[in-house]
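Multiple structures follow.
Next, two complexes with chain A in common: one pairs it with chain B, the other with chain C.
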Partner chain A sequence: MNGFNRSRLVIAGVTCFAFITLTLVFFALLGKPPFEMLAKLAIFAVGDAYSISQTLAKTTPILLCALAAAVPGRLGLISVGAEGQLYAGAIAGTAAVLAAPALPGILLVPFMLMSAALGGAAYGYVPGLLRARLNINETIITLVLNYVSVLLVNALVFGPWKDPDSQGWPATISFPQGAILPALPGTRIHLGLLLAVALAIGLHLFFTKSRMAPKIQILAGNRKVGEMFGLNFGFWVIALMALGGAIAGIAGIAEVSAIQGRLQPTISLGYGLTGFLVAWLSRHQPLIILPVALLVGGVVAGSDALQLYAKVPAASAVILQGLLFATALAVPGIMKNMRFGLER
Partner chain B sequence: MTAPIVQFDGVSRRFGELLAVDDANLEIYPGEVLAVLGENGAGKSTLMKMLYGIHPPSTGRILIDEKPSTIEGPADAMSNGIGMVFQHFSQLPALSVYDNLLLAWPQTPFWTGRRNPRIAPALQTLSRLAPEVNPRAKLAELSVGEQQLVELCKVLNISARIVIFDEPTSVLTPAEARSLHGFIRQLAEDGAAVILITHKLADVEACADRIAVMRRGGIVDISQRGDREMSEIVSLMMGKEVKRTLSAPKPLKRRVQQLFIDKVCAEAPGAALHDISLTIARGEVVGIAGVAGNGQTLLAEVVAGIHPVTSGDVVLDGGSIARFAENDTLATSLGYIPEQPRQNAVVDGMTLARNLNLRALAKGARSDEVNPEDLLRRFNVNPPEPDRLAGTLSGGNLQKLVSARELGSFRSGILACYPTMGLDLAAIEMVYGEIFAQAEAGAAVLWISEDLDDLLVAAHRIAVLREGRLVAIKTNDGTLSRDEIGALMTGLNTSEAAA
Partner chain C sequence: MNVELFVTLAPWAIATLRSATPLIFATLGETLTQRVGVINLGIEGEMLVGACVGFAVGVATGNPWFGLLAGSAAGGTLSLLHAALVLGAKANQIGSGLAVWMIALGTTSYFGRALVGQQVTPLPSLGSPATDGVPFLGVFFSQMTMGVPLAIAAVVFASWWLAHTRPGLRWRAVGESAIVSAENGIRPNLVRLQAIVVGGLLAGFGGAILSVDYTQTWAQEMTKGRGLIAVGLVIVARWRPALVLPIGIVFGLAEVATLRVQSLGSIISPHLLATAPYLAVVVILIVSHAFARRGSSMPADLKSVFA
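So, the complex of A and B:
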């Protein structure tokens, strides 16, 4: 067991080393002093209170979207719909706020969150139902549905939900104070982060300790065997797809309420797909998703700031993320193959 | 005698803790058929995979033509004239026979149009070996026996001097096996060295010249055929004297009907069942005989409640156990041993203990239903480690694991599909013993088998399944013959056989 853990540590170490090396090469190619830029990236990610607040603000939607992808992933489903479910949750949550803007915060925030979760869940339910009853590939459906809800937000904020006083700016009215998620004063760390961490721990317990855990594991491992012993694959497909959707929906309304303060076209900077990759890297294990989402959140926040203050091109943030995911996926695979080679 | 074409010189192979092959010394000569005989996991396949270059030996060396082997992989082995026919074929079922042959042939020209004269040699072997096979047919349309012949053609096309067969008859019907034995003899007479890995004595009796017996990784005996009695070879293989003591369970005194299959119709891609009716009493063993692919798999899945019926019903102990729609939730109360346990009966990523407790886990129970240690020991699952992942077990041991789960406690109905497939003799005895003990305790047993001899010895009645219909249900009163059942299975001379 000990040796097993050590080999994992070695893999993680080599992965980090490869990522840092590639990042240095990237900065060098940009014609910037590589080590200085790397140091700046780290400082912009975790260097002071403001940076940490930025990192955690980016971590929150990534963490929620990763959990949203991991939940159906436990059953072996590949859902790439967190982005669309995030937007669906934002729409449903905003609808709740627009319907009852005068409610006090203590009522409005739960109402808004619940509505967003239901909106996201409905958006996960549809591909779940199609998969369960008609055996239609959930990956394709979730992928194409992403575009629908993103464009639906556009239709709403350019159309019926547009703030008449905004003079052409496509957005809803600013959320009333009661609809803003409480945050740590002076920072962008909001209730959503607490919710996300609690969800990660709750899901970990659900997937490892509950009576449902073995059922999901059996169906994921061998559907035929599960059905032989009276488990209903279709039920679990729908349930887990909807649960994942609900989590992504919360990510959506959290961004709208706590970060943007109103519904407008660009809520998410690809958090859905980033979350999918985080979930995949963490093998759908909520407790591993926690640190991985934090790491990715740091890279996103750090490279955003780098782009502002160090005059690197705007694409750098995406390139750095890409390098991180590519090394994290490739290095363990390469090392495993090398080990098999040695064993021969 | 001529010089050996292959020599194993003190060869060992270790996989982590496991010593799969232990100091093997063996010579193989051209023009002979050498049978390598042993139980599951005795190291037969590993030994030959070392020759084929899949695993290099841990210690010792392999000599080919009296020079140390430099083979580093299957491609290398093929160019050195070594071919291997695997237990699970490496073919592309969606392509035609012709494409499969050309893909595996090193001399295939760039242009493989039908008229290109340079592709003719690749097809000649096929027309010699199996003239009835249409090279334009998709491989998936061929029977398993024909697919194996295509696999053999691929090996012959590389003009192999050494041909290795890995358990070639385990998927074949008796007739297909007989013709394969003929091909194997022919190969040896043409001067090739043929190595036949098997655990079936019938293969050895039919075509081996020499017999090497392996047990627990070591070669324990090499003899010319005829030098030793078969019983002697069996005891060498098993390490202890084993008598084949298969006998039918005693029928119960009072006949109480227990398992009803009532006018069942069902459809699945490539198979259909028409109006199947069969009633099995307490303590009765009913065998289903039939050529593979006549609806056995579908029948099993319908009775086990996995595949929905289109009409009809299956009733056990007075309650329906059939599935009527794809989305029904249904836990079968049968003890069900499906074919191909790795695909159909276990969860690879779970431990042996959890696999034995799947029924309880699926119900959401907190505590274990059964004691895994006892079951693993009773059913001889090797290694008997409850915390090991099921995916790491060999095929034979998985089969034993499934038997342990399904037969470990009393069931009122049992459905066993090829329950001894891939098992060695000791394990076969054990599994049959457990099934028949259940029958004597009052279970109704439906037993789908391809082994007519076993069915004739141990089943109370034998039903014959052909093209999705039960064409006959015969009481096994001692007057039934192999030929009679065989005729019913193939549909030839039905009137004569039925008379």
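So, the complex of A and C:
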């Protein structure tokens, strides 16, 4: 066990080193001084109170989307649907607000969050059901459905939900005060972050300590063995896909309510895919997801600021994430090959 | 049938074929890749890179053919990353495909900014004085470019090649069992590398057809999931290259129908109509899984990566 953990740590260390090297190369290719850029990136991520607030604001949806991918991931499912579930949650949550805008915040916020979770859950339920009943690959269905809910948000804000006073700008009315998630004064750190951290801890307990934990573990390891023990694979596929969807749905309404203040076409800047990457890097372990999401949130927020400061392209964050993903996939295999070569 | 009907049908038929062409190339490429037991979600990125580089080269040289070749080469080059991760580092195939996609998404949106609003020379029409006067055929040829016949030829050639040649047999053998193939003197990793690159070349070509010949513009993330749809359609085509053609055409028809409904001034939101291809692939997958005997035609080695 000890040696096992140590080799994991070595892999993580080499991955970080390789990624930082690639990042330096990337900046050099852009014609920017690489070390200065890296230092600026770190400063823009955590350098002062404002940067930290920005980092935590980016961390929140990434953390929730990572948990959304990790939950079905515990069963060995590869769900890349957090982006679509996020938009579905935003729709359902906004519907709740538009239905009862006059409710006091103490009622409206829970109603809005529940509705968003249900919307996201429904959006996760569909690929779950298709996987459980017809054995249709969940990766493809979740990827394709991502495009649908984004278009649905567009259809709504350009159509029936458009604020008549917005003069052509596609968006709903501004959310009433009672529908805005409470935030720390003067920052963008809102209730969503607290919820996300609580969810991470809760999920950790659920997947390690609860009565269900061993069942899920057995089914993930070997479906046939699990079914011999009378466990229902299909039930867990649907349940975990829906639960993951619910979590992503909360990410959606949190962005709409706390960050944007109304529903408009672009809610997420690829948080679903980023969250998937974080969940993958953390091997679907909620307590590891917490720091990794913070780290990636810092990179995203930092490169946002870097874009303004150093005219680094807006696409940098996506390219860096892709490089991080590729590095994390390559390093374990390359190290194994090298070790194998030495032993031979 | 009367001439008038033909005259209305001709633009529909040609629009369908032209909108299906990029998808046919990508789906064919993914089919060949999956036949050797490798799934590549990165073809979404390879299409995107093909569309971007193809458009850029088309604009720079003024020759659409150079654009198509460059786009294809770009897709093939990017597919080497998937090959390196999957074959070299034995990385998870789904994860690797997504990484390739992310890198392509980022780099094309960066380099593509300069291409927005540029004009490209499209492929020449196939119409000639000989066909111009003929009803149906006249319209048909005057609106058609070489993309369509090339797609059909590629499908026909790939089905024949896979079924009737020695290398085709090797590819099929590796897809069924890399271990048994290796015991029989085939180098599975070499075959898989070839198939991944061929898939990348075809996806890149499809992407370039999309930007250079079909839309004739560049827009960020313009493939809009066509590569992902292609991965789904491979299952529907039961991993048979020949079936890629009819399935691609059904999709082209759906897209054209959507565009026509829109242009008729329909009250349905264009955004709602745009969901049609994505919902269509979900429905087609459901139908195909519900009625076909599952897994019987799936390459056996693919089952380990892809339930």
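FYI, the second predicted complex is superposed on the first by the 337 of 344 C-alpha atoms of A that agree within 3 Å, B and C clash if a C-alpha of one lies under 4 Å from a C-alpha of the other, contacts with A are read in each partner's own complex, and residues count from 1 in each chain.
Here is the rule we go by: a residue touches a chain if its C-beta (ideal position, glycine included) is under 8 Å from a C-beta of that chain, and two chains touch if they have at least 3 such contacts.
Please read these numbers as outputs of a predicted model, since none were measured by experiment.
Participant: Let me test your reading of the model: by the given contact rule, A:Asn222 touches which partner, first (chain B), second (chain C), both or neither?
Facilitator: first
Participant: Please work out whether A:Tyr147 is in contact with chain B alone, chain C alone, both, or neither, and reply first, second, both or neither.
Facilitator: So A:Tyr147 only meets chain C here.
Participant: Quick one: is A:Lys311 in contact with chain B, with chain C, with both, or with neither? Answer first, second, both or neither.
Facilitator: Neither partner.
Participant: Taking the superposition on A as described, I'd like to know which of chain B and chain C A:Lys209 touches: first, second, both or neither.
Facilitator: A:Lys209 sits against neither chain B nor chain C.
Participant: Thinking of the overlay built on chain A, is A:Gly230 touched by chain B (first), by chain C (second), by both, or by neither?
Facilitator: first
Participant: On chain A, which partner's contacts cover more residues, chain B's or chain C's?
Facilitator: C
Participant: So which positions on chain A get touched by both chain B and chain C?
Facilitator: No residue of chain A touches both chain B and chain C.
Participant: Help me check something: in the complex, which residues belonging to chain A touch chain C?
Facilitator: For chain A paired with chain C, touching residues are 78, 80, 130-131, 134-137, 139-141, 143-148, 151-152, 154-155, 158-159, 273, 276-277, 280, 313-323, 325-326, 329-334, 336-337.
Participant: Would you mind writing out the residues of chain C in touch with chain A in their complex?
Facilitator: 41, 81, 84-85, 88-92, 94-96, 98-107, 109-110, 113, 224-225, 228-229, 231-232, 235, 269, 271-272, 274-275, 278-279, 281-282, 285-286, 289-290, 294, 306-307
Participant: Contact residues on chain A for chain B in the complex?
Facilitator: Its residues touching chain B are 132-133, 211-212, 214-215, 217-218, 220-222, 224-232, 234-235, 344.
Participant: Spell out the residues on chain B that touch chain A in their complex, using ranges where they run on.
Facilitator: It is residues 55-56, 304-306, 327, 329-332, 336, 343-350, 354, 358-359, 361-366 of chain B that touch chain A.
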